[in-house]
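Lettered A, B, C, D, E and F in written order, each chain numbered from 1.
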Amino acid sequence: MIMQTLNQTHAHSTNDQPIGIVEIVGQLRDLRTKSLIQRQRINTPPKLPSKAELATIIEGFAAALFPNRLGLPDIEAEGIDAYVAFTLDKSLRELKRQLRREITFNLQTVDTNSDDITQTVQQITRQFAAVLPTIRSLLDSDIEAAFEGDPAAQTPDEVIVCYPGITAMIHHRLAHVLYKNGATLTARIVSEIAHGLTGIDIHPGASIGRGFFIDHGTGVVIGETAIIGNNVRIYQAVTLGAKRFAKNSDGSLVKGNLRHPIVEDNVVIYAGATILGRITIGKDATIGGNVWVTQDVPANALVTQ
Amino acid sequence: MIMQTLNQTHAHSTNDQPIGIVEIVGQLRDLRTKSLIQRQRINTPPKLPSKAELATIIEGFAAALFPNRLGLPDIEAEGIDAYVAFTLDKSLRELKRQLRREITFNLQTVDTNSDDITQTVQQITRQFAAVLPTIRSLLDSDIEAAFEGDPAAQTPDEVIVCYPGITAMIHHRLAHVLYKNGATLTARIVSEIAHGLTGIDIHPGASIGRGFFIDHGTGVVIGETAIIGNNVRIYQAVTLGAKRFAKNSDGSLVKGNLRHPIVEDNVVIYAGATILGRITIGKDATIGGNVWVTQDVPANALVTQ
Amino acid sequence: MIMQTLNQTHAHSTNDQPIGIVEIVGQLRDLRTKSLIQRQRINTPPKLPSKAELATIIEGFAAALFPNRLGLPDIEAEGIDAYVAFTLDKSLRELKRQLRREITFNLQTVDTNSDDITQTVQQITRQFAAVLPTIRSLLDSDIEAAFEGDPAAQTPDEVIVCYPGITAMIHHRLAHVLYKNGATLTARIVSEIAHGLTGIDIHPGASIGRGFFIDHGTGVVIGETAIIGNNVRIYQAVTLGAKRFAKNSDGSLVKGNLRHPIVEDNVVIYAGATILGRITIGKDATIGGNVWVTQDVPANALVTQ
Amino acid sequence: MIMQTLNQTHAHSTNDQPIGIVEIVGQLRDLRTKSLIQRQRINTPPKLPSKAELATIIEGFAAALFPNRLGLPDIEAEGIDAYVAFTLDKSLRELKRQLRREITFNLQTVDTNSDDITQTVQQITRQFAAVLPTIRSLLDSDIEAAFEGDPAAQTPDEVIVCYPGITAMIHHRLAHVLYKNGATLTARIVSEIAHGLTGIDIHPGASIGRGFFIDHGTGVVIGETAIIGNNVRIYQAVTLGAKRFAKNSDGSLVKGNLRHPIVEDNVVIYAGATILGRITIGKDATIGGNVWVTQDVPANALVTQ
Amino acid sequence: MIMQTLNQTHAHSTNDQPIGIVEIVGQLRDLRTKSLIQRQRINTPPKLPSKAELATIIEGFAAALFPNRLGLPDIEAEGIDAYVAFTLDKSLRELKRQLRREITFNLQTVDTNSDDITQTVQQITRQFAAVLPTIRSLLDSDIEAAFEGDPAAQTPDEVIVCYPGITAMIHHRLAHVLYKNGATLTARIVSEIAHGLTGIDIHPGASIGRGFFIDHGTGVVIGETAIIGNNVRIYQAVTLGAKRFAKNSDGSLVKGNLRHPIVEDNVVIYAGATILGRITIGKDATIGGNVWVTQDVPANALVTQ
Amino acid sequence: MIMQTLNQTHAHSTNDQPIGIVEIVGQLRDLRTKSLIQRQRINTPPKLPSKAELATIIEGFAAALFPNRLGLPDIEAEGIDAYVAFTLDKSLRELKRQLRREITFNLQTVDTNSDDITQTVQQITRQFAAVLPTIRSLLDSDIEAAFEGDPAAQTPDEVIVCYPGITAMIHHRLAHVLYKNGATLTARIVSEIAHGLTGIDIHPGASIGRGFFIDHGTGVVIGETAIIGNNVRIYQAVTLGAKRFAKNSDGSLVKGNLRHPIVEDNVVIYAGATILGRITIGKDATIGGNVWVTQDVPANALVTQ
């Protein structure tokens, strides 16, 4: 009825034929309904975690981890712990809200305030918070690796502020903890935030050791079940991907099976190399640029085109 | 005169020699004038569509298409149609302002309020609005394709919110309609917004069928005259480009000729493959990773390094 | 003591076990302290230039260089010089603040107001300002090159507003001047801003001639000591990198030695080509897509896979 | 413990003696605890409705009531109903959140999601929404009265946009409905928003008829139990107040008894007049400027100094 | 139709009865239509100048008039004229947009781009701009008067930054020029902005000489046709108002006749005094606090209660 | 020269005669220079404390004093002390910047970094911080007084959130401490912020005891040297002012002498009363509405019109 009126009102102005918003709104509603029925979800779909809010939350954790470099620009010694405590408290509270959405969505429940959800949310948050010092320590090793591995790096501070690889790893190390504690969707959104910022696409399921250095980074892809040892160095456009996807008897993809490479300690992989499937790149091996690898590589090997 | 005063005033403070802004401003003015003369446009250059405003406009259309997932986080059933109607109306009104700039710019006219411009703008807008439900339907097929094509995807909702390929396709499908209706500059700006967000560079002229899935996506380039069938799947760093550029007799490039590949239904192209020129990749063919293709590929073929 | 109270207060609410922020804050403080000691910097670390503020500053210079296209959307003829003068003055003043941070950081001094620092900052700023018209002129040649080199480009205005290669070059040409005048960290941050926006990673140390055109651009990497002549054209995912890193007798990397390619006038390098080491690509040579080059290429040569 | 560290850290910088934030924070905590105990509320105090959020909500309702004058500046005919529907829906949803806080606060309950609260909130909101057209109609009569009563008013549109009396009445008429439906704290906050904007202080409990005109308005005070008829006109600094406050046997004030004037239809009260106590100003009476009235005034009377 | 769907959709959730937005939107539309018909304006009402935008515009002029005190906090000598020029240019351009709205509204025309409107807008703007130096000079005299007239004022700078009387006079002197050039609605909105900020209500029609000082100011009312000489001083809650309103033969008010006081040079009026009607307060007279004056007062007289 | 160009450029567009910004900018510069010379300050005037920044700073202190009511809306028990500590630290740091401006301004020095200024700023800040718990305690007594003194008040929480008298007293009690420690300009700006928000004008020099309640408040004026005892209650439009201003032999006003009333404990002053000069209103006295008092009033007296 609103729209009928709109169209009538519109008819008064001659050189400005109506756009017909009412019909378009109706058609879009039909498509939404159809889409919900198809997924067997008649009712209002539950909310998902918000990408925009998670971006702010991750900035908060980054600021708490590196208050002098990624926090307030004019923080002083006397206020620094209060700043870290406040920022942690605020970011954890906001994280809880996002986690509650994911848990509720997973349960497809209407009762968004059940004690079970509250307990699960609180538990994931507590485990996440407890591991933050470990994450800081791992990131310190990543920064050290970048400083030592790039002749252009002049100070570790430059590395924290400038290197997209560090931005990607801050996001990944936080997302990975969420992923391991069951908040896989929240984790994935955090990873995509980093992907958008840096062009580095690390699935939150990937397991990565100490002292990981990604140089330049644009186009790097690291898959869900990849395992990376300590002190590994990779360059732009490196892919650690799946070779082929296993299928179920009904033709649909098997989800979650181990399909990405294992990269052992001290491996270096140069730009554009593509390593596919559940293979192992042995300790101290070097993979040259643009090389295509689909089979195990022994320790200390040098693979080039 | 202003600047003389500035320089004099400045002379008072001894340890702070003037920067000489007046000279720099003058030199920049001379360069601007020279540049305008070179392009035979003496007068004030007309405004162009604004990238920042188009980014907001496209967010508006995305919200109208997917109000539960990309619109207001706390929208409820009773308000959803009013939200869609309001968002559409607002975004279409703002789109008209941008289109008016492009049309005026193309005509190189000063009379920004002529009836002709108004009519053209209104016509493009109406055609754009009318096709929005079709775009939603196409995007549903893209989401379905991503969900079915990626073992890591757990729900279609995750795909909408997380996958850069979907972000790119929302922009592309909207931009393509603008392009086909003559708003080529506006369309191009929309494409570059997606390029900046995702690292996926699809020219708005490219024609793409249903169920298109881009995985990871960073580094993908799809050219202006490319034609892509239904249910095609491509991975990161795939290029569908031109082989060489035809030149006019005066040595300048021929603009707009057919120079990019045709990719038929159900084709899969793995990461880093480069396909160049007006060639055809036949139905159900598979192109392996990092492969370089400059000649037709028959249906059902498998091309690897 | 604060935290003890917090924990006690918390104990009242039974279903909401405390997160233990006090312990986490303490652990993070210990890690910060350890990290500072390791770098032999006990005291409060000096501030670094801010990425967010530099992003705004660079937008200001871009607006002053191209006021009609990248400045205020509704600027008119009468106000344009005042706008340019004001924007320059404001951006230069803000740049000075960032430069002061870098100089102070480099000197590791506490006295942030010494006359020496003031003089150095003023000198870099003055030299930077003086070269802005030259930068505008170089960027005009880059825009011309893009317009002439891409059949899809319809006007030079489209190039300024849409092409990520131009965005990258605006940043690079400004950053390079800062780099040459000693503000290497500020310069690097500016480069990373462009990297994040475009996926194009040009080290501010790279020297680039007139009429440089990067098409599509995602994944391009150009190293610190690269030298590029006039009218060079490169495509997406091209790397101008280092072959190997020289090491000092203690095993640490030699920093700053010449290790990236020299690319002479009129060279064209197609997508995905990788050129490594201090080699020379001679005048008018063409490097094909995906090619791997580690040795000199003579003038006029055509190198393909 | 945090603060001890702070103080120790601080001791390093000699010319900058610590402020002792830890002690101050502790003293403030003690005062908060004391204050809570005094009011017999040991636990965390429940949230109150937010003044800042209510200010935005009331702006939303004003925009829905007068979309052309107080809504979007560039709204067009085709979109106006969608705008009103969306704005109403959004503002009502946000109002519900504020009402939930008040109801929860009044019940001093921890269970903020009980069905009772939900039902009460929904009921108040529904009654509030249903009466909005009546409020628009009353405000139209207020605007008409201002236009007819002020020789300086040139159009009714000027009255809507400029007159603080109208701003005050938009707030009052909305607040009064909330007050009557039991949301007295929310109502009071809305009144104080108007007080801050206009200097006009109308308690939301006051009952006011059609065609009420407040000229200039600064300093007007209208008490909780005042009753004002139709077509009344008052000027700046008029007080309709209480004469004295009744006390309970324990010396505390009686809350809520009838203590403010009744002003009948067509009364005019000039600037600075003070009318105190539960007296009646009869129909068509005129009260002169600066007059002090504490007894009934008969119909048609003229009271001057 | 939208709303029917809404109501049906809503019926699914049992504990959340619909609010019935569709009916309310319909009722509000009917009231809007009725109100437009009543004012004989069937079509879409033209836009009015925006209070929010005028507030920003006036801040711009204040900054241009007092760049060191009300402009950018960190402006330096070299940039000050560019700042003033840019701010003037920007504020004048935005003022033109508001003036165009008023002129179009007054003409009740649909053709918002006629040459007549453009010319009128340009003329008012030019006259307004030309008188800005005079306004600065008058405001300097007001500041001087405040500094000399208040024992609590310690510097003229404090007066500019702190005194609401100066805020009110900056607005008034700008609004008065607009009023005299025919932009009476824009002028009135500017006055109400000041009224809201300071509680001082000066109609833009009032004519005020040099060196005018309003101390404290809350509650001051100065009417449309008041004329105030040089070096007049008034205190809070002073009214210079109308005694009674002349009526036309049809009972409606005569608009615009001379009905407010003339206050000659050097008069002082203490707090709460009320001066009504077209009377004259002679040179050097003093009016005591709370006094009620409705007849001429001779020069040098002292009037007290 | 810039402006000459502007004018020439402008001449091209015929229907749009130039505004002549260059002349206006020049005239404004001349007036600024003249004004500076008149005050014997040739050089760039030093910065003053910023009203906008002080408004934010005071909001910070209010949030630290009442974190549950005026701080973050969703603060929880575990985070409250960290929030208070962080907010205090941040607000004190920002306050220091404002104080530095005032001290530098007072000294009329160019050396804004002298040790003397630093020490003075640090000392005022420390004394201010130390007295914050006392201020909280005084404000608690004010809130209690309002709750007990107003029959319309339903909870102390309502008083904190709604009553303008409390807003005014939060500002005053903070401003008064700054005033007593020598930051008189900063203090005055804080007072004017409250004046703008509430219409209550209390000079920061006024000394006010415990349990002070201002009801309604608009139009209240309390002068610099006023002294108010404990448990005093005043209503709207009450003035505690100066009777006349003493003059020096040169005709200029004596600044700072004792000229405002002393109001002893438990006095009540009703709306509109005006009390002028250094007189004493004795303990437990009551002053009726609109009364004019210029002589001592004995204890327990009741003064009415």
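We adopt the following convention: contacts are C-beta pairs under 8 Å (C-beta built on N, C-alpha and C of every residue); 3 or more make two chains touch, one makes a residue touch a chain.
Since the structure is predicted, the reported quantities are computational estimates derived from the model, not experimental observations.
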Shortest contact path, chain A to chain C, counted in steps: 1
Equivalent interface to E-F, taken from A-B, A-F or A-D so that over half of the residue contact pairs match: A-B
Numbering shared by both copies at the chain C-chain B contact, with half separating same from different: different
Averaged-CA centre spacing for the pair chain E and chain B, given as whole angstrom: 47
Inter-chain centre distance, chain A versus chain E - centres from mean C-alpha coordinates, in Å: 54
Approximate Å spacing (C-alpha centroids) for the pair chain D, chain E: 25
Numbers and ranges of chain F residues touching at least 2 other chains: 2-3, 5, 12, 19, 21-22, 25, 29, 74, 76-82, 85, 88-89, 199, 218-219, 237, 272, 290
List of chain C residues in touch with chain A within their complex: 2-3, 15-17, 19-22, 24-25, 27-29, 31-32, 35, 39, 44-45, 47-51, 105, 184-185, 188-189, 191-192, 195-196, 199, 201, 203, 205, 218-219, 221, 223-224, 237, 239, 241-242, 245-246, 252-257, 259, 272, 274, 276, 290, 292
Complex interface listing, chain B residues touching chain E: 2-3, 5-6, 9-10, 12-13, 18-19, 21, 77-82, 85, 113
Parts of chain D lying in touch with chain B, wherever the complex brings them together: 72, 74, 76, 78-79, 82-83, 85-90, 93
Parts of chain B lying in touch with chain A, wherever the complex brings them together: 64-65, 67-69, 73-74, 76-77, 80-81, 84-85, 88-89, 92, 115, 118-119, 122, 125-126, 129-130, 132-133, 136-137, 140, 148-158, 161-164, 197-199, 216, 218-219, 236-237, 271-272, 289-290, 305
